[in-house]
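A single structure is presented below for examination.
All chains are identified by letter, namely A, B, C and D, in their written order; residue positions are counted from 1 within each chain.
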Amino acid sequence: MEPLVIAGKAFQSRLIVGTGKYKDGAETQAAIEASGSEMVTVAVRRVNLDRSKESLLDFIDPQRYFLLPNTAGCYTADEAIRAARLGREVGLSDWVKIEVIGDQATLYPDVQATLEATRTLVKEGFTVLPYTSDDIVFARRLIDVGAAAVMPLAAPIGSGLGIQNRATLKILREMITEVPLIVDAGVGTASDAALAMEMGADGVLMNTAIAAAANPILMAEAMQHAVLAGRQAYLAGRMPRKLYATASSPLEGISR
Amino acid sequence: MEPLVIAGKAFQSRLIVGTGKYKDGAETQAAIEASGSEMVTVAVRRVNLDRSKESLLDFIDPQRYFLLPNTAGCYTADEAIRAARLGREVGLSDWVKIEVIGDQATLYPDVQATLEATRTLVKEGFTVLPYTSDDIVFARRLIDVGAAAVMPLAAPIGSGLGIQNRATLKILREMITEVPLIVDAGVGTASDAALAMEMGADGVLMNTAIAAAANPILMAEAMQHAVLAGRQAYLAGRMPRKLYATASSPLEGISR
Amino acid sequence: MEPLVIAGKAFQSRLIVGTGKYKDGAETQAAIEASGSEMVTVAVRRVNLDRSKESLLDFIDPQRYFLLPNTAGCYTADEAIRAARLGREVGLSDWVKIEVIGDQATLYPDVQATLEATRTLVKEGFTVLPYTSDDIVFARRLIDVGAAAVMPLAAPIGSGLGIQNRATLKILREMITEVPLIVDAGVGTASDAALAMEMGADGVLMNTAIAAAANPILMAEAMQHAVLAGRQAYLAGRMPRKLYATASSPLEGISR
Amino acid sequence: MEPLVIAGKAFQSRLIVGTGKYKDGAETQAAIEASGSEMVTVAVRRVNLDRSKESLLDFIDPQRYFLLPNTAGCYTADEAIRAARLGREVGLSDWVKIEVIGDQATLYPDVQATLEATRTLVKEGFTVLPYTSDDIVFARRLIDVGAAAVMPLAAPIGSGLGIQNRATLKILREMITEVPLIVDAGVGTASDAALAMEMGADGVLMNTAIAAAANPILMAEAMQHAVLAGRQAYLAGRMPRKLYATASSPLEGISR
């Protein structure tokens, strides 16, 4: 199957995973492995980047996994920009997932600040993957300023609600042809991930769905299968939906 | 992972596939293989059971796959009973999936006739897997007369609508402890299958979702991963659902 | 607007209400009045039918409201038949809503017993309105034995889940042309009732949604408006659904 | 019942209607009347404001209806600002519904431009009702710059998809206490409007749902009842939702 290509870099796995909220580094490592992911995000502001000391990074083999720094914990464009630069300075990566939060309770993104940070960092040569809302106007702007992907939420971070915005995600999928569209945030269980891929997403990014499961390792494995299943179903071209097998008229208003 | 056990027989795969609606025997065979299924259903009334002539059965290796005769095309208990006996007579199996249709247009089951056929065939020593509606009273009766599983539809056969009856399936899952609960009919794409398994179904049976996909072989593979993903997610114990990560009050009325 | 006609009797209101679960007779009366209903159901087995003593019936003016006895609390066809006869004997009515429960926990109907009771009572000259599941085969049978309406549940009695079976209700609406189709059970709030009417139901029957609201009188009024709104929307012919206003391709898989 | 109060002005009706897309002025007038609305929006850029010539305004009695100019057809903050000023200049109103479109195909709002226009016009003494997305960060900003209400879409303008963003609307309802929350855009039929009101919206604004119905006058009436039904249901405090009446455990994952 075709790989997921972001900024010219190919990934076989279309599942990207975060590294927060696990019990410890060992569990993080085991979960990542079970997920089959090739790219993992690391919160620049929350992880000890000093490789001479003990750190989460000890558990993530940079030979094996592509590390994507993220700016979790940032509330302004400026904070996100500085966090991205820090990630590059310590030799982590010049890729960055931009996450600028606009509401502390719900962790909803500040799309304006996200756009500003993206614009600045693209000019500084970063490969920027912005986490954003499902705002289609801002999605277009992010692409225009050089984002390497668009990563809209399906539902609030850590809610586990699954795809809560099918209509706008469908519009985004129709509209975005220049860069990968990666659903990021809100996934709660395997069928959510499969659905995102069936809707045509190029990839899915998740953290809490795996880390907060009773058995994260097994859930990580489930997610690997789910993302693959959804992608294959998308490529396979699903059967038509009808009220019943012999129905002739088009189906209105029924969905799962 | 624990196998699916039906009437004392263990199956590693929790995906059961039908063999109707394919282009030809070769495609059927390739799809079954890609699905990873161990049990396949064969319509007794539609397939040439005479192994001396050319038949669909030539494409399904009985050493590799467990053949489950089904009574597709039957509209009365009597027809179903005779079809089951035929399946046993030609040495196919003394297992049978009972399918008695009550409405020709929608292929909705006749649950009363299904119950009668089940009762009779159980007494004759068959292992009976009845395809039925999500009627919980009839589900209980089917178990009481000795059904080896209960197989409620998710949506009409061949509709591809996915799970259209979450509430009753949830009730059935809560209620049925004696035999496997296998969702049969209505699956359209991978996330439907994953969802059924996440709801706690012991297995999923499908035919059209694979056969009517543009690329059945790839869809069969997707379904293998989907059923596995859903089962693993179910066992892994998914994260809680909340309106947002820091929300304290219970979530009301939001679902995917 | 056209009235709801059942067995030749015309009702302006398409909302039918039950009389159980209220605080007292006065609240019941006020709620019925606020609902604008013309027909109310009364549980034959639970209400004191002896008009010489104090009874719920004192609060329901038979000049103003059409009393529909129901067989709530019956678990066999026989019990339901005897309850119906009792209702007729005390001069209540020779109409009856048949309710035969098959599962005590979920109050799911026993459709087979419902069919038997309906058949018998129709022969005895009753006007029978059977409460049933969304089983389309049994719906057809109920019509064939002379039911004056078909009354499928939307969700379990007292669950308040709203329409949980859109696909089968849609099929029922398409299929049933001989008698009114009245959604009975499962309504929780106003939009549920409106939706049932928009789907083409001829009427809605509810009890708990009103009686268990914090303010039953106000909810009864809401339901009057909701049923009217849904009926008018159905007759008015709603706008098409599209992904966005200028979209040309048909919409797939998005619903409210 | 309590009126809807916007910027100190009380409205008995919580339904606000647009005046676009009708067959002619007479139909517009009849629909508005049937809707029971007290406030109607008029597109400043599309309607002849010169009352000396023939105009849509001839059909909307300013003694009877509160005219709310809207900036439909504007694609920048500047255009919206100038349209608002024009509305005030011709004596129409110093209220304005801000509508700045960011994507021509989907009519999705440009929330940044909306914010800018709102900020400027509030300073100039306008009462500003901004049509926006369900972005909760921008909603907060609109309130901070003095918006008199927040009017998020339920789905794209003219899509008729109903509430496609329950989760974010729920968050908005929880979060917004300072000004009315009015769902604007995406309503397709009566139950959509009822649902918006049951979710706690203070009002609903719609245009296409009425104008594009086969019978707009009847649909307008339906909408009047629907908004009232939803509001009353919200105030009445609906019954709890459970899998079935006697279920004890909390309900997970089932919704209408």
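Quick notes on this one:
By our rule, contacts are C-beta pairs under 8 Å (C-beta built on N, C-alpha and C of every residue); 3 or more make two chains touch, one makes a residue touch a chain.
The UniProt protein names, listed by chain, are A, B, C, D = Thiazole synthase.
Fair warning: this is a prediction, and the values are worked out from it, not measured in the lab.
At the interface between chain B (Thiazole synthase) and chain C (Thiazole synthase), over half of the residue numbers appear on both sides, which makes the contact a same-residue one. If you match contact pairs by residue number, over half of those in C-D turn up again in just one of A-B, A-C or A-D, and that pair is A-B. In the Cα superposition of chain A (Thiazole synthase) onto chain C (Thiazole synthase), the rotation angle, rounded to steps of 5, is 180 degrees.
A straight line joining the Cα centres of chain B (Thiazole synthase) and chain D (Thiazole synthase) is 47 Å long. Between chain B (Thiazole synthase) and chain C (Thiazole synthase), the centres computed from C-alpha atoms are 33 Å apart. Each chain gets one centre point, the mean of its Cα atoms, and the points for chain A (Thiazole synthase) and chain B (Thiazole synthase) are 34 Å apart.
For chain B (Thiazole synthase), residues touching at least two other chains, in rising order: 106, 108, 156, 159, 161, 164, 166-167, 171, 241, 243-244, 254.
Per the touch definition, chain A (Thiazole synthase) reaches chain B (Thiazole synthase) in the complex via residues 105-108, 156-164, 188-195, 198, 208-209, 212-216, 218-219, 221-226, 228-233, 235-247, 254, 256.
Chain A (Thiazole synthase) meets chain D (Thiazole synthase) in the complex at residues 102-103, 106, 108-112, 133, 135-138, 140, 155-156, 159, 161, 164-168, 171, 175.
Only residues 166-167, 170-171, 174, 241, 243-244, 250, 252-256 of chain A (Thiazole synthase) touch chain C (Thiazole synthase) when the two sit together in their complex.
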